[in-house]
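Inspection log for the structure reproduced underneath, given as structure tokens.
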Amino acid sequence: MCGIFAVYNDIEAAELTYLGLYALQHRGQESAGIVSSDGKKFYSKIGQGLVSDVFEKDDILRLKGRYAIGHTRYSTTGVSTIVNAQPLIIRHKKVNLAVAHNGNITNALLLRRKLEEDGAIFQTTSDSEVILHLMMKSKEKEIHNKIKEALTPIKGAYSVIFLFNDKIFAARDPHGFRSLCIGKLKNSYILSSESCGFDLIGATYLREIEPGEIMIIENKKIKSIIFSQREKKAQCIFEHIYFARPDSKMFGESVYEVRKNLGEELAKESPPEKESIVIAIPDSANISSLGYAQHSKRPLEFGFIRNHYIGRTFIEPKQSIRDFRAKVKYNPVEEVVKNKVLVVVDDSIVRGTTSKKLVRMLKRCGAKKTHYRISSPPIKYPCHYGIDTPNKNELVAAKKSLEEIRKDLGVNSLRYLSIKGLLNSVNGKKCKYCLACFTGEYPV
Amino acid sequence: MCGIFAVYNDIEAAELTYLGLYALQHRGQESAGIVSSDGKKFYSKIGQGLVSDVFEKDDILRLKGRYAIGHTRYSTTGVSTIVNAQPLIIRHKKVNLAVAHNGNITNALLLRRKLEEDGAIFQTTSDSEVILHLMMKSKEKEIHNKIKEALTPIKGAYSVIFLFNDKIFAARDPHGFRSLCIGKLKNSYILSSESCGFDLIGATYLREIEPGEIMIIENKKIKSIIFSQREKKAQCIFEHIYFARPDSKMFGESVYEVRKNLGEELAKESPPEKESIVIAIPDSANISSLGYAQHSKRPLEFGFIRNHYIGRTFIEPKQSIRDFRAKVKYNPVEEVVKNKVLVVVDDSIVRGTTSKKLVRMLKRCGAKKTHYRISSPPIKYPCHYGIDTPNKNELVAAKKSLEEIRKDLGVNSLRYLSIKGLLNSVNGKKCKYCLACFTGEYPV
Amino acid sequence: MCGIFAVYNDIEAAELTYLGLYALQHRGQESAGIVSSDGKKFYSKIGQGLVSDVFEKDDILRLKGRYAIGHTRYSTTGVSTIVNAQPLIIRHKKVNLAVAHNGNITNALLLRRKLEEDGAIFQTTSDSEVILHLMMKSKEKEIHNKIKEALTPIKGAYSVIFLFNDKIFAARDPHGFRSLCIGKLKNSYILSSESCGFDLIGATYLREIEPGEIMIIENKKIKSIIFSQREKKAQCIFEHIYFARPDSKMFGESVYEVRKNLGEELAKESPPEKESIVIAIPDSANISSLGYAQHSKRPLEFGFIRNHYIGRTFIEPKQSIRDFRAKVKYNPVEEVVKNKVLVVVDDSIVRGTTSKKLVRMLKRCGAKKTHYRISSPPIKYPCHYGIDTPNKNELVAAKKSLEEIRKDLGVNSLRYLSIKGLLNSVNGKKCKYCLACFTGEYPV
Amino acid sequence: MCGIFAVYNDIEAAELTYLGLYALQHRGQESAGIVSSDGKKFYSKIGQGLVSDVFEKDDILRLKGRYAIGHTRYSTTGVSTIVNAQPLIIRHKKVNLAVAHNGNITNALLLRRKLEEDGAIFQTTSDSEVILHLMMKSKEKEIHNKIKEALTPIKGAYSVIFLFNDKIFAARDPHGFRSLCIGKLKNSYILSSESCGFDLIGATYLREIEPGEIMIIENKKIKSIIFSQREKKAQCIFEHIYFARPDSKMFGESVYEVRKNLGEELAKESPPEKESIVIAIPDSANISSLGYAQHSKRPLEFGFIRNHYIGRTFIEPKQSIRDFRAKVKYNPVEEVVKNKVLVVVDDSIVRGTTSKKLVRMLKRCGAKKTHYRISSPPIKYPCHYGIDTPNKNELVAAKKSLEEIRKDLGVNSLRYLSIKGLLNSVNGKKCKYCLACFTGEYPV
């Protein structure tokens, strides 16, 4: 998962892109980069770490021009090194081209091998570089036709932004796995993975780029071409469950509302025991726990305090402090938990290891009973489209029964939301969302 | 405000101190330091920035010995430079001594000038250094007597830890402005500014160091002497309102419970309009808003999403984005706010500038009405005991009437909690807490 | 001009390469890099600055394997950035290939444009990358045949080393502009731009790679193929005059002896005035001044002291100290110079600006007369083969007469060595050396 | 040994000080620092490493004011850490004071203990800090009287510069162990450890500060007081033999001339074998070898090439390359050495380990015979006055006879210069110089 952002035609293009990336920081903390253009020359700064660590004031000043694209990376494919940080830039003949990509190309390796047979040399191990090589191979004259030709053989998930001189292009794969929105700020156009990127800079949300659409922003105007027959929409429902910020619009729906619906559906399907109190695993389950508590008329409490100062390179103690990795992030509030019947709401269970530790911490604080409620169905299949889920054999729900997991966690009851409940929470009918991680039915 | 921590007699003394500082990170992000001792030699690492930035794995390994003290600094007095970062270390004759100090010595400058007259040379501009010079001047033989003699002329707020060879000493000023707790972990003793430092490492809370007490930890035992006639207790109530972590005990009371009481008292005194919803300024007002919502039976919603990735050196845009500094931290959720009557709960108003921006953001999102509720009385006087409040003429409540502030903020109503409501929220009667920032009655 | 080095089959391959680069440091201070191989995997460290700055102890330890190549860069073509630092590495299909190149490819741009037409994407602006693309285009199976095919269309100067799994390949252009030597150290083979690289690690000099030769080092043996009809040898005579270290063998001749010969020939052609003393511009003219002094039986003195601590980023004073840039490097010794008739020996005059300053400094110290003697002919033409000479119109000897230059410098007499004297100083007859910078007769 | 420098009253005070330190770089490469003053406020930059590494352009710009002092440190006493880097700065009462010190205080520990008894706290382990504490203890009003009072109890070697608001003070110990010169540049006064610091910035040498003199530079004028009865002069003769730059004046004599005299005296006392050639250990013995060669009418050759790119943190190979540490610095020129009878001139022998390696290298290059000539007497006693000689039992001449050392080195003959020859080389009679390292007669 990554965050991508672009500004077309603003005197502060790089600054606004910096802010946009900052608002998209939750989509990737591994690296960040901005490429700007003054119409002729490119300026870039790309580095490892958080947006606020990568860019110094001087960097932003050096990033001249009215056009800029940016990227925050959360490693999915490609080894995690600076060389794979984006945007990727190439200088080809006398042309500069930069690209920022969110998603995962499922046939990248195959395409790469074919290109290498013909002598192509790749700079990175990132699957995004395939797009650039296909474009450079294209004999088309117009950039958007080169893009079209390059995207045609590509399978999988991609939302992608191109910067070329004084033009910006955006494209989204025919299934529309990953979102990409366009907004407006005075005379500028803005592209952002999520609408929360618009809020910070005061831009207005216009719409999502459509699946199979190439958007051309040039001469201060937007044009659009459809480069592919529209496939069945397969938007990633996990963005709503976990990944996106609750103050964003995603695939046209409010994440906050969907997340609250998930809690309500969960409360309908698996209501709480009497006398129980509801607590969330913060911050991702805050909204669904609120939905659960309101619908079930049980009091919400802040049972866990989350430490937000976690650095990237935290040092673990030599002699293991029990449940250390969970403890360092979450601390239960004894006064809330002690002698209480708890309904703990979480967004999902992947490996189950953290959940187990959290339950153990609650027990040590004197919880009387613990009921675990998950605001999504069991994850049984890995994602091929850009979310960093582990192999199938590390997914606890792929290997164990509900009762086995319950015992593992050491809770009094465990309930997941049903697929039906999940679909009730979104406006879309089944056909609009990709549910592959729950059902194993992969769209590509 | 600072955080201080110590470990007596543990093979992982530096590691546990690192974790303790990490749990106290909210008490100061400017610098962090650890000094350890193997009984003879000192080892230290002190640097600017967050705990997770200052210490590398190798640093911790180099910090040998079974004894360690640590400090996280939030600049109050003394210019903010590395030279003022703590713990302060001195080597005097053949003796090593390190000190970590939380608080503010009100007669530091006077004492310093007197010492300088006699030829003393100060290394730092920190008021804490005065303690060391007074100790070195003392002709007493025993360290705890040197400490006693040094603390006698000192006025103001201090919780202070000393490391000397294989001994650790702790002291708290006679009024007890700043807390300092002692805990136990197997055969080790632990000192921490707040009890949340114990939770992460699995230590058990024993008690607070008493005002006017010097605690001597040596030969694996605790001894205690009273170095001063006990003064009227004057514990900082602002720790409960804002500064301490809600999962801590502070002055013997649960911060979570006190904060929830504040919200309830506020709801009793200034109940919401019908049909309103309650939202907090996250995260400091989360618990009080919950107390308010529960007591007034109005729904709580997460109206603001807080961005936790704010770096220390955020770059502001050249051309001002309106309300930028607030926006970068908080984003309202349009779906929650639009067309609603809001009760916004905040912990306090200092200058009023951020509050104003937040209200403006809510309005732009379509809030119908906004009622502002503050879970503490108006702050009219600066703090002299370690909390970084501005001068009196920057405190909005010192200059303007309630109605003027309400107009400034642009809200439909504004209510503070009364002093009486505040005291109802804590177990202590008035005499136990310092209320100087509200009343101007300074204990020293 | 660059330095290249390689170690084949030594347990300390990276360490020896580090030492080799260190001995070749005078050939380029802009960047340094080492790539090692354990036969399967590559390990690399490449950075900007001096060898001693780029590599930390840990870097060397990480550079595993019995095979390594290294490079020190002195920017000639390609912008001076880290991306152009060598060795260049590519991963193509499942193959790793690294290359270190010394020289200048004269038709690089042409070849590059052609490759780009076919869709090739270049990572760097370095001309060396063309070799890699041509190799990857080759349908040959064997690496040495790929090399042969790639080198065929390339014109200009190159000595080049390739690392591939557990094999090392070396090649030199058909004219042999730049040297490349092979040596032996126990069971290892060593490649080095100059023989001084062998001395430091205790290796024995075997011979130079021949012009037009590809050397294949695999299975602990050396094989050799000739990839090109041998062209007229055109070895760079400037290596002897200035660039190479005096303790090196270069093109089979001792640089020290050649340089001393230059001084003697110069003394024969332009003998000193009676009563004069001989001083050198240190350190490059030390040996030739010695030859001059010995042959003419005049005393040598150390008239200039050179400051060897010059950093790369020396800060110049705002208000110009007269002749600052020369002064910071050279200081005349007043006691040597005062009231003396001086013969100043220098290796060459390029722009003439430094010489002018040096002369002025001597005069200020009270020199009675100054006779300037240059141990090479006037440089009238730029070098196309890797030496960083300026454009023709910046070469003082291309624009001005001897008398004009003499006046510019402000010396009593000025004499250059003749072409004949130059050729007398080397064993080779004219056909063996490139004299293009003096004569304008470019071999390619 | 250290270098100290000061500029009084120049708009570019910090820049000129930077240049001065740069010219004094050979006197200490461990750390460098500059403190400037605009008359009221101090500005400083102090760091570890070379002058060119410590200071960035921005640093120099920040160092405002017309007054500046600088220091380059070569660790003698005090652990080598940044805390001991100079100039030392203190802020005392409302006064700023900075000090740069060259030399070694022999009773520093004693004075320190006494001060600590009275409660003084030291910041560093440097002996220079004692001066500051003694000054702060003084009840005198005028700074120069404080200095006088502070210097009175101090024994040993010191040349010291003080910066105070818009005044600069300089002092030299009564024996005058270490030099300190004053020069003039337009309306500015310049202080420098050696006169080569004047040349670079174009200043004129005036004179040396006298032993026992305090110089006061204020109100654009120089005043002088004598703070001590003049003791027998004991200037360090080793400055002439090895330490100072040959283009400096030192104690009123030209280092170049003294060094050449040393070679001539050596040639008189220990003439060369017929048919021999003379080579120097570069660069310190260059001038004395020239004196030797000229006087004995034997040809000088450059037998060793010195690598000037040695970094501070050179990585040694794991498996020892024989004589590595010498080899990395010096490489013999085979063509010079082979089959020759050599007279090798060196300035001194300390431990003898490097000499041994150099001789071995010459033999491996085929030297027929090697005669070692040392341009100073045998060093048998450690220096207490600032030169970093090892303990007596590491000094080879303190433990072994001439014949034993000759055998150790493996040379055909070994001769030192006599004390008489040494004294003939300087203008001074015996009473003017300290010869303690040769004779054991310590002046203090």
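Couple of notes before you dig in:
Each chain carries a letter (A, B, C and D) given by its place in the written order, and its residues are counted from 1.
Basically, a residue touches a chain if its C-beta (ideal position, glycine included) is under 8 Å from a C-beta of that chain, and two chains touch if they have at least 3 such contacts.
Since the structure is predicted, the reported quantities are computational estimates derived from the model, not experimental observations.
Chains making contact with subunit A as well as with subunit C: none in this assembly.
The interface holding more C-beta pairs in contact, when B-D is weighed against C-D, is C-D. Once the centre of each chain is set as its mean CA position, subunit B and subunit C turn out to be 63 Å apart.
Centroids built from CA atoms put subunit D at 35 Å from subunit C.
Centre-to-centre, using mean CA coordinates, subunit B is 52 Å away from subunit D. Not a single residue position of subunit C touches two or more of the other chains. Chain contacts here close into one cycle, and each chain has exactly two touching partners.
Pairs of chains in mutual contact: A-B, A-C, B-D, C-D. Chain contact summary for the complex, subunit B toward subunit D: residues 90-93, 113, 116-123, 125, 132-133, 136-137.
For subunit A in complex with subunit B, the residues that touch the partner chain are 11-12, 15-16, 18-19, 22-23, 25-26, 29, 50-53, 55-57, 60, 196, 199-202, 245-247, 254, 256-257, 283, 286-287, 290, 294, 299-302, 305, 307-315, 317-319, 321-322, 327-328, 331-336.
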